[in-house]
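Should a chain be cited, it is by its letter among A, B, C and D, assigned in written order, with residues numbered from 1 in that chain.
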Amino acid sequence: MSVLVWGENVHEHRNPEVAAVYPDGMHEAIAAGLREAGAGEVQTATLQDPEHGLTVERLAATEVLVWWGHLAHDDVDDAVVDRVQARVLEGMGLVVLHSAHFSKPFRRLLGTSCSLRWREDGRKERLWVVDPGHPIAAGLGDGFEVPQEEMYGEPFGIPAPDELVFISWFVGGEVFRSGATWRRGAGRIFYFRPGHETFPTYHQAEVRRVIANGVEWARPAGPPFQEPGNVESPPAVGDLVA
Amino acid sequence: MSVLVWGENVHEHRNPEVAAVYPDGMHEAIAAGLREAGAGEVQTATLQDPEHGLTVERLAATEVLVWWGHLAHDDVDDAVVDRVQARVLEGMGLVVLHSAHFSKPFRRLLGTSCSLRWREDGRKERLWVVDPGHPIAAGLGDGFEVPQEEMYGEPFGIPAPDELVFISWFVGGEVFRSGATWRRGAGRIFYFRPGHETFPTYHQAEVRRVIANGVEWARPAGPPFQEPGNVESPPAVGDLVA
Amino acid sequence: MSVLVWGENVHEHRNPEVAAVYPDGMHEAIAAGLREAGAGEVQTATLQDPEHGLTVERLAATEVLVWWGHLAHDDVDDAVVDRVQARVLEGMGLVVLHSAHFSKPFRRLLGTSCSLRWREDGRKERLWVVDPGHPIAAGLGDGFEVPQEEMYGEPFGIPAPDELVFISWFVGGEVFRSGATWRRGAGRIFYFRPGHETFPTYHQAEVRRVIANGVEWARPAGPPFQEPGNVESPPAVGDLVA
Amino acid sequence: MSVLVWGENVHEHRNPEVAAVYPDGMHEAIAAGLREAGAGEVQTATLQDPEHGLTVERLAATEVLVWWGHLAHDDVDDAVVDRVQARVLEGMGLVVLHSAHFSKPFRRLLGTSCSLRWREDGRKERLWVVDPGHPIAAGLGDGFEVPQEEMYGEPFGIPAPDELVFISWFVGGEVFRSGATWRRGAGRIFYFRPGHETFPTYHQAEVRRVIANGVEWARPAGPPFQEPGNVESPPAVGDLVA
């Protein structure tokens, strides 16, 4: 499997607190977790790369794209968003992390606001498995805790997920649909909530396990689906009525 | 609209604490809330009535059935469960409350275990609206609290709901899919979590509002659907291929 | 209820065959069907109106928008598409007809290609009701036929519908998901297949019935949903953990 | 993978026409197709075996159960149906073929009538792929034809499928949701329509491919899910609120 972890890579260079937690960048920590889990060939790309590191060729060679962004959603080129959307529709998996709920590719593919309630309070989050037979929940038991996290609360402005895997509980009284999937075209999308930049969330074993499970789940089932486009069809089965 | 509230009516006669909260029975408190909301003609029936008050005629005249049970699920006659299932499939709405997650009609219609994690702790429950445009959430804003309730926690052994309206937060650290809908045949089913027998939950305005919304949502869209059964079909449209 | 029927209004002025079938424009025929069914106050707007007749004020006053387009999808201003999307998310219903499967608002809200297989053959289409309890199927029995229609075939590039109401059978051997619904934000979307411009489809009683049912189904359940946006939340329920 | 193909094995002994097409029984033809596809260890069992060949031990060792039945649904012991249901909820896959739409395990797990319209006419069926990215559709292109089959028509009395993979077109003018999936508990269920006993359907390459894909798709994602049952939960996370 060929996996590409895309990181916005901005906080890391502006905020020493983030740089301390993720000295090689958040994308490298996420990629390290995937390599550790044996998730195939794992590469990284960032906003600052030419074409954000998401050329036509590279996307064509990518089976699952993992996306983290926050401050610079608007700096992502619309032409690149077009490409990502097209690749998902033909089968590439997409794993969307935390604040990337507001990224252009996620909003484009879902068609809704993707907005939510939030609070930077750095307290405990508990994620409950609500779909114990789902492959993304494999090995997580009833769920797990992240010791310090930003709070995200409902309502989350998404289409009803095809599958809901995790729901989070927050100390301050909120709940959130923390792990959810959608299929779009031939591609699979998994959104996973945790991952505020100032906390070592992507170093935590359970979080890495979920992301690895998600990447495995999102891999294409077959060769790229060549959508017929909107094309006129000959009466190829016209003989059926003969 | 013709609504029938079915109550098991057992706790009320065994436990003075329950009788104090619901002197006329829980079913009458639920019915009173519906009458208050103008939900049409609202009647009640109980386990102790002949045929549990659910004769063929009465079910045929019922548009929405509301069900509360707990101690005596096993005492419900299977022939009556058959009738309830059949009426739901032909269009009768079914609103299932609290411990009736384990009632025979609910389990029969869903086909799964319907089991859950629980704790009688009598602390606060917060219900969040996760689908703000849903008619069952009308008038409830972001959600509401029930001051004292039993805890129900995930995993809840249900098929993925067609629509998820509420998620509950509990002080002890759990979450629960508290308001969920399914369509089965021509009928609509709404499950709503709160309502432990020792607390005055069914006297609370927001809870009554949700149940009234649920009953309104569950009413049949048309006349009873006469399922063709499993019948041989003449080639009535055979001329299509001429 | 306030309904607005939007028509592209281009074929009618270029093709005498279309003008003969729809002398007042397709939008007026669709509107006439809705008025006949008593669907509330029904108005029309076209591509040629200032801002395509879809000003902020008019959309704010519209409860359900019906959309037919084909030749001029690209001429619809993106700012208007933004508005339509925003209004659907806050609760406006949207009924999308025939070739508007490729319209900007539909593609924007669904996030997929919305492409399909097609053939202009003008033969019989049979629509089967696959969800007999659905309000959009009310009064249609097992289904109905349209004597002459363009063929649309699978695969249809849409997200899996929340509800599938009709499937079409075509003489040439194809099938199509002809009536499908999605909820996006607080809004409801209904796609309905028939309606090629050269055939009198929108004069047919059953087709009018489906569109009227769809408009009724799509009306908002409550006042416009004011999405919180992506906003910071105070620990309003912080007392829960005291 | 451990696969068990269950066959009713009645037609084969009563009807020489069926015996001629399936001299070793339909279950053996289905099993042969799976072995040919390399679907792991494939065994068979029939109604006539002690406990229908579905002992507790054997079901515990089965990862995917394939089921064909027609004449003798009522002869299947309810205790065996209980076991099959329980095993599906803990993760065993279930592939349900043709007339087994009316089998006890399928109806039990879905909770609906599962009835349909049908006609024994032995003409052509065309199956269209409506979800080209689905693993069950892998290798099937746009779809395929079965030269001679019984007709099944809508409405099919099932809960809305989680995923719809195939829709069939019949010469006589009907359509049918021919390939559909549901998840129940930790188990996956796939229904596939073709397979009337008098036609050599289970010898056809495309049909065998679909069943092999379905078996692969339905295999458990992890170890058997041990449902907590309906059990009281200690405040294990009570420290969260400290």
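The working rule: a residue touches a chain if its C-beta (ideal position, glycine included) is under 8 Å from a C-beta of that chain, and two chains touch if they have at least 3 such contacts.
This is a predicted model, so every value here is computed, not measured.
Student: For subunit C superposed on subunit D via Cα atoms, how large is the rotation, as a multiple of 5°?
Tutor: 180
Student: So which chain is the furthest away from subunit D, centre to centre on CA atoms?
Tutor: Of all chains, C has its centre farthest from that of subunit D.
Student: Could you let me know which interface, A-D or B-D, is made of more C-beta pairs in contact?
Tutor: B-D
Student: Measure off the straight-line distance from the CA centroid of subunit C to the CA centroid of subunit D, and report it in whole Å.
Tutor: Those two chain centres are 36 Å apart.
Student: What's the distance between the Cα centroids of subunit A and subunit D, rounded to whole Å?
Tutor: Each chain's C-alpha centroid was found; their separation is 33 Å.
Student: Among the residues of subunit A, which are close enough to touch at least two other chains?
Tutor: 126, 132, 153, 155, 160, 162-163, 169, 171, 173-174, 183, 185, 237, 240-241
Student: Under the stated contact criterion, what part of subunit C meets subunit D in this complex?
Tutor: Those residues of subunit C that touch subunit D are 126, 128-132, 142, 153-156, 160, 163-164, 167-170, 173-175, 177, 241.
Student: With touch defined as at the start, can you tell me which subunit C residues reach subunit B in the complex?
Tutor: 91, 124, 126, 132-135, 138-139, 145, 162-163, 169, 171, 183, 185-187, 220-222, 225, 237, 240-241
Student: Which of the residues in subunit A come into contact with subunit C in the complex?
Tutor: Per the touch definition, subunit A meets subunit C at residues 85, 89, 102, 108-113, 115-121, 151, 153, 155, 157, 159-160, 162, 171-174, 182-185, 227-238, 240-241.
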